[in-house]
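Here is the structure we will look at.
Chain lettering (A, B and C) follows the sequence in which the chains are written, and residue indices restart at 1 in each chain.
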Amino acid sequence: MTQSSSKFLISVCVMVALVALPFFADMLGQPALTSLATRVLIYGIAAASLNFVLGFGGMVSFGHAAFFGVGGYVVGILYQHYASGEPLFGFLPGTNQLLVTLPAAVLISGAVAAVIGALSLRTSGVQFIMITLAFAQMLFFFFVSLKAYGGDDGLIIRRANEVPGLNMRDKQTIYYVCLVAAIVFFALLSKLVNSRFGYVIAGLRQSEQRMAAIGLSAYRYKLVAFVISGMGAGLAGALMANFMRFASPDMLHWTKSGELMVMVILGGVGTVFGPLIGAGTFIVLESLLASWTENWQLGLGLILLFVVLYTQGGVQALLERVFGRRS
Amino acid sequence: MSMKNIILAGALAAAVATPVLAQEPVKIGMITTLSGPAGYLGQDIRDGFQLAIDAEEGKLGGVPVELLVEDDNLKPGNGRQIADRFLNNEGVKLFTGIVFSNVAGATVPDIVDAGAFYISPNAAPSNFAGKECHENYFVVSWQNDSLHESAGQNATNLGFETAFVLAPNYQAGKDAISGFKRFFKGEIVGEVYTRLDQTDFAAEMAQIRDVAPDVVFQFHPGGLGIAFLRQYQQAGLLDMVPMVVAEPSMDAVILNAVGDAARGVNVSSHWNTDFENSANEAFVEAWKEAYDRPITYYASQGYDAARAIASALKATDGTLADADAFRDAMRQAAFESVRGEFSFGPNQHPVQNWFALKVVDGEDGKPTLETVGTVLENHGDAYAAECQL
Amino acid sequence: MTLFLEQVLNGLQLGVMLFLMAAGLTLIFGIMGIINLAHGSIYMIGAYAGTYVAMETGVYYAGIPAALAAAALTGSAMEFLVVRRLYKRDHLDQVLATFALILISNQAITLLFGRQPLFIGMPEALNSSVELLPGLFYSSYRLAIIAMGLLVALGLYLVINRTRIGMLVRAGSTNRDMVRALGVDIRLLYTIVFGLGALLAGLAGFMAGPILAVQVGMGEQILITTFVVVVIGGVGSIRGAFFASLIIGVFDTMLRAYLPGLLRQVMAGSEADALGAGLSSMGIYLLMALVLLIRPKGLFPAHS
């Protein structure tokens, strides 16, 4: 009883802190903090999506940057056609309305995830890691050769998508839009994890045979989970394209998949909010170290190594142990 | 602290003509690439820039400056994040340093939209030269296409009739080949796109030998270029088929690394160490004194960017508050460039001469770049017409 | 015809370089169950150490022991300080730890050697071309690489099939727990396997020196391709790694050499070139996806 009430208290405190963050940032004379927090939220969504298949479902995808990138490119391509006035494929008009582009990005990355997942899920283990990487690399090279949409240089989105009644040129507004998206996303995710579907997915991780024995088709459940996860990553990508006003093949590069994985492991595999903490830790560390020294990679590497060797289960587990002892 | 004050005070006393200098130093934000294989590009831009500041003992154009440098790790997202922090937390109004077009693409719009200035020491993608040009965006180096247009013209001037062209399959590579073709009057007998992560060019070498063109044009910057040139020599092609390249494929680091494999290569460039003007002589000497590395053209661009900023700071007494005044001062380009004649075109990109260089044996027996002629005079860029400023 | 044969040789040379990397990786993967992302870093460290010594002494061959020593030393240090603590952990912890090792190695190399790439020429004796067939000239250095790679493959074959350590390695890649149950000092076996893998990676790095640029980040470029080889060949199988290396090497070279030309027969020149370049970049990944869809355990699974 006390544990669940203290958990509730903590989440209320975190919510208040997140809502008030831009004001504090301005007060402290550090307005860039708001942008940093926006990035953390966006990567948090992407990492949590990855964690849904990786941590809960036991499917280690090394290609999630593909869905992240596809989400970003959907926003970018729709904007380019909106700006030029030429319809896409000759009949689809472009748009700069966030309420249109965001669902479109989610749907299309879900569709891509369905294709990749349907093929990849025929394998498992290390082969699954590598086949997801293979598909992501194919998409990476596809966007690199796509000259009509900027190729390697990427696609500039001169103005962020519009939402009626909001000034999306304002950084704080974008932060709040991302915060709302993150809240909705994490609420749905924790509902999903605690639903029957979520239990089946977690059960499949532990033993596919047991699940098969009670008459469940592992493949179909896994595929649905994979598609949901891809949609989440696509949402994050679409938000990122709006925040950066830029989409580039860099978003699909394998190192980005690796970074997402690092965020998940850093925060704590198989927890709902761990990846958000992981994303925060990774991005804050990267920015802080880079502003202190040119040799930031050395520091980041040593810290990551320390986390793996001396914390069992990432930063979240570390926090729980440190604070758990006190209470 | 006190030492710094003494220097500042001394500088103040000396600067009788501009007594308003008691203000805080002008902050200059440098976002550049310092890690990974391309790390030396950013390093040289930074060090060249710093050299100009050091020459004035912490000032540019008599105005004290503070240079903030940060590594973008060749990630557009990082570049944008750094710009955001510099703009909002540090109050930086003057930016420079970006090496790569994709980082510039993500970062520059934010900077100029916020009313700050960006002075490019390297990358200059075509969209910012044309439709997306901006009054607060200046390029001190060159427009990307000019590099390869000069190589095409150079190949035409040298009388070659058939060319085999190679570049990596990414935007800059495709731009390189279209730029070359625009000014090459002969026939293209082979066009090959290599991979950005490719390190072995044996397959391409075999194709070149099979076609036997008059000349090979290739664009492979940095480590790619080192690998390409070495394998070109190892395949025995260096003595068979002459090569023309633009400067990114033969900077001083590449030249140093490939050594003999570069002998005889024709390079087109806007700058070279042997230029005889007082600004360049001072720069080359200062560099040799300060660093134990070959001078690349990246360093010269960093230095020139600093000198261009210095001229505008001097004209405005270091007050960036009046953006119009600073912009007008920048447009004058009232500085002595290490490359000689220099002015800004209507889109605030350079109008300058391009020179033919050749790799020959230097006095110490090592291959070195020697200026042998002029390729293009007062060359601007093809996109200026699309720019409405 | 000579052009085609030359391209085949080029493919073989790329293949054996990949094999030197893949042999170590597949053993570490198959026997120790470790996903070692830092394998590329060992390749880079071997290249730097060997090239540096060869530059300083002016003797190419002095670089070989230096590269091997540096790679083995780094490999054992990684195993002893980091990897050893992770055997019982999740794969994911290993991914994070070896990712951290990549960052550390890259920055350490930058601090030690600076940001400029290093340079070393070929050894005098191999700096020429050989006429293999009338009209078919080929670089002696590349031929030497092919020979070296084949020798290493033969050596590995003998070690694995004829020695006691080889027997344990074979047993370990098939059934790890069984070997442990037999009372073999598994730690020693692991250290030997890791050290051997590091040695081969260091050798590959040094041999690549005169052909490629020795620079920070060179390890990551080859790492991903190596993983492709390992998976296509079948995790833990040296034989699989050997054949997959040669297949990937030749396939990749042929695609680059001939695909744009083939496409040009059916479409306009510049479009064909752009599409051909894009497709040839995707080629090896496409091949891997196809192989895994047809044979999910790779071509030569170690467990069969």
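Here, a contact is a pair of C-beta atoms (placed from the backbone, for glycine too) under 8 Å apart; a residue touches a chain by one contact, two chains touch by 3 or more.
These figures come from a predicted structure and were not determined experimentally.
Interchain contacts join each chain to each other chain, per the touch definition above. A comparison of the A-B and A-C interfaces places the larger number of contacting C-beta pairs at A-C.
Separating the CA-averaged centres of chain A and chain B is a span of 36 Å.
In this assembly, the C-alpha centroid of chain A lies 32 Å from the C-alpha centroid of chain C.
Residue positions 106-107, 110, 274, 277-278, 281 of chain C each touch two or more of the other chains. Chain contacts: chain A has residues 144-145, 147, 297 touching two or more partner chains.
Multi-chain contact residues, meaning those touching two or more other chains, occur in chain B at positions 34-35, 169, 174. Here chain B touches chain C in the complex through residues 34-37, 39-40, 43, 169, 174, 191-195, 197-200, 202-204, 206-207, 209-210, 222-224, 226-227, 230-231, 234-236, 253, 256-260, 293, going by the rule given at the top. The touching residues of chain A, counted against chain C in their complex, run 54, 60, 119, 122-124, 126-127, 129-131, 133-135, 137-138, 141-142, 144-145, 147, 254-255, 258, 261-262, 264-266, 269, 295, 297-298, 300-302, 304-305, 307-309. Chain A makes touch with chain B in their complex at residues 29-32, 35-36, 39, 144-145, 147, 150-154, 156, 158, 171, 240, 244-246, 248, 250, 286-287, 290-291, 294, 296-297. The part of chain B that touches chain A in the complex is made up of residues 34-35, 69-71, 73, 75-78, 80-82, 84-85, 87-89, 101-102, 105-106, 109-110, 125, 127, 132, 169-172, 174, 196.
If you check the complex, the residues on chain C that touch chain A are 29, 35, 37, 82, 85-86, 90-93, 95-97, 99-104, 106-108, 110-111, 220, 224, 227-228, 231, 235, 274-275, 277-278, 281-282, 285-286, 288-289, 292-293, 296-298.
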